[in-house]
Amino acid sequence: MNATTLLPDVQSRADSRNLAIDKVGVTQLPFSFCFASTSDNQALPQNTVGSVDLFVSLPPQHKGTHMSRFVQLLRDWEQPLSYVAMREICLLARERLDARRACGTLRFPYFVNREAPVTGESGQLQLRITVDVSVGDCEELIVTVSGPATSLCPCSKEISTYGAHNQRCELTASVKFHADCEIGVEELFEMMERSASNAVYPTLKRVDEKHVTEAAYDNPKFVEDIVRDMAQTLKADSRIAWFRCGSENFESIHQHNAFAQIEWPESRKDAW
Amino acid sequence: MNATTLLPDVQSRADSRNLAIDKVGVTQLPFSFCFASTSDNQALPQNTVGSVDLFVSLPPQHKGTHMSRFVQLLRDWEQPLSYVAMREICLLARERLDARRACGTLRFPYFVNREAPVTGESGQLQLRITVDVSVGDCEELIVTVSGPATSLCPCSKEISTYGAHNQRCELTASVKFHADCEIGVEELFEMMERSASNAVYPTLKRVDEKHVTEAAYDNPKFVEDIVRDMAQTLKADSRIAWFRCGSENFESIHQHNAFAQIEWPESRKDAW
Amino acid sequence: MNATTLLPDVQSRADSRNLAIDKVGVTQLPFSFCFASTSDNQALPQNTVGSVDLFVSLPPQHKGTHMSRFVQLLRDWEQPLSYVAMREICLLARERLDARRACGTLRFPYFVNREAPVTGESGQLQLRITVDVSVGDCEELIVTVSGPATSLCPCSKEISTYGAHNQRCELTASVKFHADCEIGVEELFEMMERSASNAVYPTLKRVDEKHVTEAAYDNPKFVEDIVRDMAQTLKADSRIAWFRCGSENFESIHQHNAFAQIEWPESRKDAW
Amino acid sequence: MNATTLLPDVQSRADSRNLAIDKVGVTQLPFSFCFASTSDNQALPQNTVGSVDLFVSLPPQHKGTHMSRFVQLLRDWEQPLSYVAMREICLLARERLDARRACGTLRFPYFVNREAPVTGESGQLQLRITVDVSVGDCEELIVTVSGPATSLCPCSKEISTYGAHNQRCELTASVKFHADCEIGVEELFEMMERSASNAVYPTLKRVDEKHVTEAAYDNPKFVEDIVRDMAQTLKADSRIAWFRCGSENFESIHQHNAFAQIEWPESRKDAW
């Protein structure tokens, strides 16, 4: 008999309030891991540092969950993380904590390479990735990718004798896949980035700067155009069951931002 | 004929992509205003500084919205803001921008007074308030109140010969009201705060500190207990049609937080 | 004899480690107040919500300070805050806590009006203000003002056949005044804003947008030009004894920012 | 002759304002790298994701610096980062940009293992590290380590019949080393952590929770005690030339925090 068994297990006692808890667990758990963006390992798994929220449901009759098991479960996970692995972690949490449902969120930065359009000078762009998974009654996997691009205002261009205001924007797409489908975060962001006036680049030499300046001027886009073009691209991909995409433009002529968003189809009930 | 009419109105042109936009507008607009917590003015309107997001829907045939009108509309609003006023602002946005739907979010700090339990020394506690409103197809008003409290762990108390770990926690409740009902933010937070091990106070003298230390020790609560008690209080209030309440406990013995959440009833379709 | 005097005063006991503490006190105290930007009340005092840090020094022989007095002192302050008032608060903290030195930091948003260049449409711009004060051995008052402007890249303009990348930038200046001098935050930001390619405006109609687009194109500035022009303006003002000014440009063609900073004169010993 | 040489080099032109720039360069550059905490490689280099600011000084006669070189220089750095490597990066920036001075800041999370006091259950604690380096006129290297611990209030313990308020605190120490000395971040944080009422742990089973609850109760510390004990430990280490150490306690009975700080010796002129 070890020391633990001598101590009362307060969490396991009965509760009389007759109230189930939808989610109970840990938040903001710092986590250093390796992320594999696609199951077929086309992209090399990447080392990163993020944070995890992990929860289970708790039936009315139980007073509390066992918090340390969430931490142990993540600590003992030895394979690279991925969409699928995040789902397995939720399944494991459900099992270990004897719950009906489990859900979790993984947030982390992910780097993609971008080469300058003329010189080919390379550099790393940082995307922000969120993977939301639910298992149990309501199976769901949502991948969210955010990253920067350039937008140039068509109105400003057309009404001005010269110049046009332009700015950095933040593109975001949340996506659910059809069964047995998935899209890696690199590919997803490439689909998104094409909808802006231009991509942003880590390293630009003078000839590249000339190129991107003129390319953005040649491709003016309202925030409405950006989300419509992004929505068209995402709708056309047969692997995608549902998405919500948006762009937030950090207007160079204002203190506030311009924002637009499209969700498709309206209901997200049917997808994985 | 003024100068504006000579310039092309690019936003008003036709769009051929056949894609409606769910939300387009401005985000992070800084806003200084006066907030009246209840319609009957029981609480004095309070000066505060927050930020606003304001959006309309855009039909497939229109290329763009007119961003400056959102800013003008908020600038020209002269009455105190309130739940009802935020709804009127959305109705006005829908009208001015000739849209089917409009929605908006108002975020701001709000102060309530808290008197120390023994000496009565007063001080101000800062709550964070969010008011989310949609008008059009889907009418919705959600008020979210967040604020601090104290939690003390029942397990730690029971298994330890002396002491018990305790910590600041952040209580959050999002609420929808039945038609013609509302609850001011002060009253809402009082309902929430009662569910913790104890309230926090801005000013505590030594006799107060003795009191709150012992009061928390006498009233241990798991994060599960806090949300269950909060849910019970909110469910019992006939003005409330739907809520989602949670507590995030900044565990003093860990780097990560403990969190629990209850939503009731599961569907939030039926409420205002 | 009241209840407090019966409880031991642990903080007032002796300490044997022979170590003075430079700063001890409260941080992140939420504070709702009215700020008067200049002593002569040329600008109307403005309601705002910020936060305060307030500290005193503690001699080696004392075990602890009395935290509740900081909170009481701020709670009981009834006049508008100002540079001078913040100094008086520090003097009061020093006195009430029987300390040799006291220092404090007040952070808050402050709104200024900006009218569109052609239509004159008005709107509010939000500045971020910090007031740092020390009293005791080392008397110091530093006012920091931050706010947005537009920058347009001279290199991009010159090397490109058309267009030029531009972006929002954040201007920041920290300033110390000569004895008996001061500059209100509105006036300070006006001095700073002139150094950018253009100001930003809350409300712009189409003719205004044409104007600001062309004005920025006519006035290209590297981040280096912005800080040099800002430094020239600040140096030329006889009320200023020391400053550090900078600009952070949120490059529209990159994910990272461009930044430059000038401090003058190098040593900040001689000023108030 | 390549394309670049045909384009004007605007940055290299002369400037007539006669104003040197203290710092010009890039900020918030996202960076994925491997960090070696000590030069002797006692700790395994650790993969992490952070951000870099990198600057040079600019003499009065030059109009601008060349921003892309900062990005290239970091991109081409292939060895693990370390204190020494960060200094070499600054030396390289100074050379590549033909500057008199260069400085940089590297910010990143770093993980250390912590075993539960009774069961030995392991887990990862995340520290936040900042390395600030200047080269040129003023050589300086400052390492800052922040991480969580537990504090328990001695006053609350002594005046209360039972219990004592306790909370998570954030310990921070900035350190300069004597020539040819250094201390790895793990060792630094171990020195800091000992000064709190107790360490925090990622994974605690019930017997561990009993242990840490009682250990903190047996070791009450004011925020003043924590910084004094931290200062004593750091002063006693012959490798340390200068430090500034602090603790911010997220009081469980208040919304605001308690904070204390000691700097030693007062002047930081003499150290590396």
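Lettered A, B, C and D in written order, each chain numbered from 1.
FYI, a residue touches a chain if its C-beta (ideal position, glycine included) is under 8 Å from a C-beta of that chain, and two chains touch if they have at least 3 such contacts.
All figures in this text were calculated on a predicted structure; none of them were measured in a lab.
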item: Partner chains that chain B and chain C have in common; value: A, D
item: Same or different residue numbers at the chain B/chain D copy interface, by half rule; value: same
item: Inter-chain centre distance, chain B versus chain D - centres from mean C-alpha coordinates, in Å; value: 35
item: Length of the line joining the C-alpha centres of chain C and chain D, rounded to whole Å; value: 25
item: For chain A paired with chain D, centre-to-centre distance based on mean C-alpha positions, whole Å; value: 29
item: Shared interface positions of chain B, touching two or more other chains; value: 7, 29-30, 71, 125-126, 155, 159, 202, 204, 206, 210, 255-256
item: Chain D-facing residues of chain B, complex; value: 125-126, 148, 150, 152, 155-156, 159-168, 198, 200-202, 204, 206, 209-210, 212-214, 216-217, 250-256
item: Touch list for chain D against partner chain C, complex; value: 7-8, 10-11, 15, 17, 19-30, 53, 55, 58, 63-65, 67, 71, 154-155, 158-159, 222-225, 227-229, 231-232, 246, 248, 255-263
item: Touching residues on chain A, where the partner in the complex is chain D; value: 3-4, 7, 9, 29-32, 46-49, 68, 71-72, 75, 108-109, 111, 118-119, 121-126, 202-207, 210
